[in-house]
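Just below sit the structures, each encoded as structure tokens.
Next come two complexes, and both contain chain A; in the first it sits with chain B, in the second with chain C.
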Partner chain A sequence: MRDDLKVGVFICECGGNISDTIDLDEVKDSLDVDFIGQFENLCSLNGRKIIRDAIFDHDLDRVVVAACSPISHEKTFQDYVKPLNPYFMDMANVREQCSWVHSDKKKATQKAITLINASIEKVKQSDAVDPIYCQTPDEVAVIGGGIAGMNAALSLAKQGTKVTLIEQSPSIGGHMAKIGKVFSPVKIAEECGMCLLNPILNELVWNENIEVITNAKVIEAERRSGTYNLIIEKSPRYVDVDRCIACGKCSEVCDIEVPNDWNDGLSMRKAIYRPFGQSYPEAYVIDMENCDKCGNCFRECNMKAIRLKSKPEKMLLQVGSIILATGHKLFDMDKRPEYGYDRYDDVITQSELGRITGVNGPTKGKLLKSNGEVPKRIVMIQCVGSRDEKPDGHRYCSRICCTVALKNANIIKHKYPDTDVLICYTDIRTPGMFEKYYKHTQENEVRFLRGRPGEVVKKGDNFIVRVEDTLKGEFAEIEADMVVLSTAMEPSHGTREIAEILNIGTTEDGFIKESHPKIKPVTTDVQGIFVCGTAQDPKDITESIMQATAAASKVSEYNYGGVEIEPFIAEIDREKCTLCGDCIGKCKYKSMSIQGDEVYIDPMSCTGCGKCLVACTQRAISVNGNIDEKIMATIKGVLSKKEDNQRMILVFLDNIGYTAADNIGVNRLSYPESIYIIKVHSVNRVGPHHIHYALENGADGVFIGEFPGDLMYDEVERKVDKVKNTIASLNQNPERLTFSKVYIPYFSGLARKFIDFDKKIEELNEIEL
Partner chain B sequence: MTTQQKITDSPIDFAEDIIHDVKNSREEGVLKCVQCGMCTSTCPAARHSDYNPREIIERVLDGDLTIIEEDNIWNCFYCYTCHSVCPVGNSVCEVNQILKQLAINNEIAWDKIYEYLGFADSYFNAAIGAIPEIFFTQIDEDVPGWWEFRQNLADIRDELNLDPPLLPDDDVIDEVSLILTITGFKEKIEKIRDSQEDIK
Partner chain C sequence: MKSVPDKNILLFRSCLVSVEYPGVEASTKFVFDKLGVDYAISEKQTCCTGLGYYSDVFNQLDTSAIGARNFSVAKDLNRPNLVMMCATCYAINKKSVKLLNKNDELREEINTLFDENGLSHLKYEKDDLKPTENIFHVVDILYSKRDKIKENIKYDLSDYKIATHHGCHYCKVHYEDTIGGVRDPNIIDDIVEACGCKSIGWYDHKRATCGTGFRQRYSNPELSFNATADKMNAVYDEDVDILVHLCPNCHIQFDRYQHLISKREGKEYKAIHLNVAQFVALAMGGDFDKVIGVKAHTVPIDSIIKELKEVDK
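What follows is the complex of A and B.
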């Protein structure tokens, strides 16, 4: 029987951190267990031998380590109790939640005894369970074939990983292919972007570990046990890539001309075309929306590569992890009519200017206005759609537009020194080495005006840009014959779509959200999915590549290390399960699905919250690890040590709340000794029967804390309200139960809440006496 | 010129007072101003006078209370362009109204509102805001044909089969006058009128 189990208690002095405040002799005298020992530093390597020897010598079944927080050393001691099951060990946190928060030695000692006793009762209820190791498939899908996706794919492929690169358009290359010239802050010179991109493109094409699928999109995704099943829809190219030799004869005989999107619509292309000179796959493609199926190309093609009757295909791709590199798009100028973009041909964007100045662009690199003349004065307007709280604007700074404007201004000045370039800015943002490039731009006689133009109007042959020179405090009307708008970067349609399909969190601006913006870059809210490039936020080429390689490295970590999962998850009794599916809809973490003829629970997403238990009329679901009994035993263990006139408040917290509570101790703040914190796997597992039992058997108050970011938050809040009502109907005071938000960084707030609740309970005790 | 900022000075208080004014609908907008000048670049008053909406916010953020003594704050005529173009969601137009009210409360620029007292009178006489007669000549100069149009308004409406304009009847006028008297509006405008007529 569980009561006959032999328990050993190992008390750590923590080099005085614990023993200076807590009288360990008194603790030892008060406990009735099969072994009890006191050690200076139990977590040191010789702790392993001490614990193992005691387990063998005293034939121990269970171990309690009274030391620091399990957040610090649970893993260490789970390892030290081998060959016992790791879950046959429990830690009584007598440091962060006792010696560090209390100064009254007598009370702290009393509390330590209670905490250890609760651990003893709890550990007796523990079942042997093993951590679940999940190994995910090695294959990776990279979604998006721009500079970020290409680099992520290459990095993984060079490490021996099979990668499928999925690109929506007919060619990989992304924005960088059309950017024209690029520069880096270290080199004070602009260089050919395509010349830098091409070697990467070639390397990628020749790498045997990479399969490139163009004209393709992920349209559905499902995850099972760490494997993603992606349904990919491949639009027809209408040209057989294996036969086409890209001779271009088809295009010559095609009669249809439409604006060339690769040149931002500044030139025309045929309905059968090659996106750009170095595009991959090296084959033509038919734009079927504009094709009139005249058959000229079909007849002209010697290679018999034209396939006018192709149909879209769907294919299944199974991968273990995914890298999102779905990129950005530029701000839609329809939203800012005051700058006249739609009305005037010579009001253009920086992207269009990049095409015009590109040698492979519509004017073969000549800077010309729509009438064929070289502009005399170009005014550039910064922050169009960025740093803009107006409707459809973006509050963020798009980060690269300052340097893009400087680059394009320099390119113009090199070739057309007589063209006056004036940049109207709010702030010039050129951090680090970019500042040197800013100075270089000033040396090139590019002019700057600090002020944000309100409108661009046409006056005669020229434009008038209305702006305040804010440094002079003067209203200015500047004549110009070309206006260039530095438009904001925003999430691409593909980025928004894939976030929805994969159920990944996005930021308020629609970019893919990282799971922690400070210390967990490139990881998303979903395990096994990583992000890089401008799908994550506005950034330049270098930063996109850095993020891409970081994402690739994270995938490798994931592939090599596997994933260890705590085993306290739901399990289905197949004998009892009738496949009604009621549990599936209840699961907030979407971890349940029907696979074949059984309900499948994904161990990687189940949190063991127990919500499904309630939904199951057949009582076919249980959560591993005897959680319910362990919570009850802990409550009993705490309350059994209650003395007359002692106030006891039970606080239930999950990992997040518990960490916040630890932080109170780490920062040496304090709260009343009446606070007893019980760590639970999921706050939802604290049931009404636990709360009723506690209040009926001596607990003066119950405090339940939950992190508002937890998917079960609303559920738990509702549940606590319900329990309050039942408490009231049982003629007890519902005020003795409280529910509160907890946040890891807001530990001082949590300490204050403990103090306030303790005071309230003290008052209630006096009133109800 | 050097401005001295003592350790006890708190220039931000002025902006805080404006934020908490009932006329301010843009919450913390004033504090978020980056002095980009977009308001000034679109402001008709700025184009035709020394009025500079960006500078208004600059001086408010500096805690410069003398701004309420400036003549040019009276050049804003509430077109709300600055309000609609501001990239940080500020409204100079509203701030301007708050400043003008502050000026009035401090008995500054009463001569500026003296010209407009006719509007106030029309609430007592007709229970609606109407253009005071003293402006008629000027309007006719600015908008040629306006006077003739106004003279013939009844005929024009008739021709277009429109009903005569709906005007409040005497009960309503009495009631509105009573409200304006009880709430102290009447006393206020009389005080302003007297002060200006005394000067004359």
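What follows is the complex of A and C.
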């Protein structure tokens, strides 16, 4: 019988933090347990001996430590109660939630007794459960072979991790291979982008830990016990990479010419082609959409490398973690008809300008208009699609466009000092060292006009750019013979697709959402999946590389440390389960799936919220750790100490809410003594029967708090509304139950909510008396 | 695309249409009848206040109160779908519905005024109408009936050079409900296409205002007519025969003032001006006088359209 269990209570003075406010002698006198002791600093190393000796001497089955918050020292005391199961210990938080928030000694002492009593009742209901350790496979998939993906793959490979780099196009390299020149703000000089990229590319190709798969996409993904099973579809290249020596004879005999996408369509290429000079794999590829299968290449190839009959292949890749580096695309210029991009050849994007000024581009680096002349005046238009609140625009700043425009303006000025360059900007954003580059650009006689042009029209041979100069407050019409648009960065199709396939949260703009923008910038809301580069938000090459190496480092942490999981997760009774699958759809955390002939629960993602329990008509699911009974016992433990005319409000909070409540104490704010906080694993586990029981057996009010970021938030809110309706139908006052948002940083708001709710309950008590 | 009703419609009359170009209303009815649209008009409906509102004669309270009254007229007829011939009426009424639904204080104030003046039957309850589901412009209905328009074309107008002008208060006020593009408006172009014609599509100043600016035409004529001249010159540069629009304000600005601006700019403008309903009615065989109402036009319609050629069936 659980009631016969021997319980020991260890009270910590916390160097006066607790004992100065709470009368510990009175506490000891009022509790009926098998052992009770008072110690100065229980968390110190000799606490281990004190607790262990008492467990042996008094044959204790369960331990309550009345001290600080479990958030501070639960792990410590779980260790100190060995050889008892770590979950046979419970902490009564008499510091953060008692001595630090109450000043009335008598009331604080009474509250401490109640809290300890609740812990005693709760710990009696505890079952032995062992923490679950998960070790995930070390293999990693990096999706996207641009500068971010390449660096992430390389960093991991150099640490000894096997990496598969999956790239959708026929070559790795990404946008950086195309941009021509890059610049560093410190050097105040532009340098060859390909020359910087090539060593990275070579290093990656030669690293034995990296396998590069091009022309390939992830089309399906499933996770089981920390292992991701990725189905990859590899489109045929129609050229045998192992045989092709990239001699190019095939291309010479190919009759079909189509716009060269690598040159942004500014030049032509054949249907059999090599994307660019340094592309990897070092082999030609056939663009089957445009190939007429004439067979010329097949006949020409001495290496017999052409494979016109290849078919798409599907392959399975099993990895423990994934780095998403699926990158960005540029704003669709169809959405800005006013700039005439589709109508006029000499209205181009910065990306196209990069190709035109690149020595490996369509004009071999010569800045020429479509008629072959050097432009006399170029107007650059900033923020095309960025910082735009009108329909079809992005509200965010794309971050790199100011410096890209400055770079390209300088490149033009170096080579063609007579060409006038005018940049129409919204605000020039050149933080840090970039500001020096901005000044350098001004000294190079690049001109600037503050204003976002409304229209570009062609009058005669020239363009007219209509713009309001917002510094002078004047309308201007600028003549130009070339217009360059600084287009916004937006999530690539691949980024959107992979987010859907892997069920990863995205921002309202469609970028992959990091789990915390400040302190967790590379983890996603799915365990084991990390993000870097422009898939996460607009950024430049340097930042992409930094985030890529950070993501690689996070994967290593994950691979070396394994993952410890709280054991309070759902379990299936296979005898009862009929495989109806009702539970699978209910799980907001997507941790359930049918594997073979049983329902599988992924311990990594299950939070023990208990939503599946309700869905299961066979009652085949249980959640480890006797949680329901523990909550009930805690409620009973609190209410059993209620005295006449004492007001008692039960507050249910999960880890996040509980931390916020602790912060009230840490910051020495206060709230009424009537507030009794009960920590639960998931707020969803507080059932209607708990609430009804509490209100019918002495609780004056029940307060349920939930973090709005929790996937179960809406569910819990609905549930509370339902319970309110039931309360009303029982002729009780539903106002005695309240639901509230809680946020860790907004602890003062939580304190105020406690005060307000207590006041309201006091008024209700007066009215209803 | 949002769903567009074809029944329970109150065709909302417009002061400018009635006074200046009654053919717009006659054409709308003619086309609606051919397309089988279920509509009615009501004598009880009043002006939307738009011109007064934009000239600071009426404030938002008056405007929303009058809106509430007109909405009650529509509800009483069981015709909760208001369809406007004028872009001003369209934007004004949509805004009033939004305010009456969202701004509890304003709604209460208006309802109290109704109560105090023995007009309790006009009271507006929150969400009586929905801005997106109940407030439309004729152009929305025509657009949703494009396929049916195609079946009813009698005359071939495809030899004329046609440009479109999309009213600001249709396109640029309630973005979320605008069909056919906001930054690149094409709803009229698509309707013109349904009539078997191809518009010139994009042209310089396509999206610009007609220049009316309500009172600006009178208080800042220079500013107002500069804007109109930009548009007219662009239309002139493209050698346009017919400019098709959707709002009587634009219609007046172009049609009544074309000769004046022509003189000012020293250019021979030739374009005639038709509301989209008039254009469709014309293509469907509407009578020049009785339906299109050509006599109300300052730029003579027959200066361009001299004879009509039937389509090959």
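Some observations on this one:
By definition in this document, the second predicted complex is superposed on the first by the 769 of 769 C-alpha atoms of A that agree within 3 Å, B and C clash if a C-alpha of one lies under 4 Å from a C-alpha of the other, contacts with A are read in each partner's own complex, and residues count from 1 in each chain.
To be clear about the criterion, a contact is a pair of C-beta atoms (placed from the backbone, for glycine too) under 8 Å apart; a residue touches a chain by one contact, two chains touch by 3 or more.
All values derive from a computational prediction rather than experimental measurement.
Because the two structures share chain A, they can be overlaid on it, and in that overlay chain B clashes with chain C. In the overlay built on the shared chain, the residue A:Arg336 is in contact with chain C alone; chain B does not reach it.
Once the two complexes are overlaid on the shared chain, A:Thr470 sits against chain B while remaining clear of chain C.
When the shared chain is aligned, chain B and chain C each come close enough to touch A:Lys390.
Contact comparison for chain A: of chain B and chain C, B touches the greater number of residues. Look at A:Lys217: by the touch rule set out above, it reaches neither chain B nor chain C.
In the superposition on chain A, contact of A:Lys636 is made with neither chain B nor chain C. By the touch criterion stated above, A:Gly451 is placed in contact with chain B alone, chain C being left untouched. Once both structures are laid onto chain A, the chain B stretch out of 115-123, 151-159, 169-177 or 187-195 that overlaps chain C is 151-159.
On chain A, the surface touched by chain B in one complex and the surface touched by chain C in the other have residues 338, 390, 455 in common.
If you check the complex, the residues on chain A that touch chain C are 334-338, 343, 390-392, 455, 457.
Only residues 34-42, 46-47, 52, 54-55, 84-89 of chain B touch chain A when the two sit together in their complex. Interface of chain C with chain A (complex): residues 175-176, 182-184, 202, 204-205, 207. Those residues of chain A lying in contact with chain B across their complex are 338, 383, 387-390, 393, 426-427, 450-455, 466-470, 473, 475.
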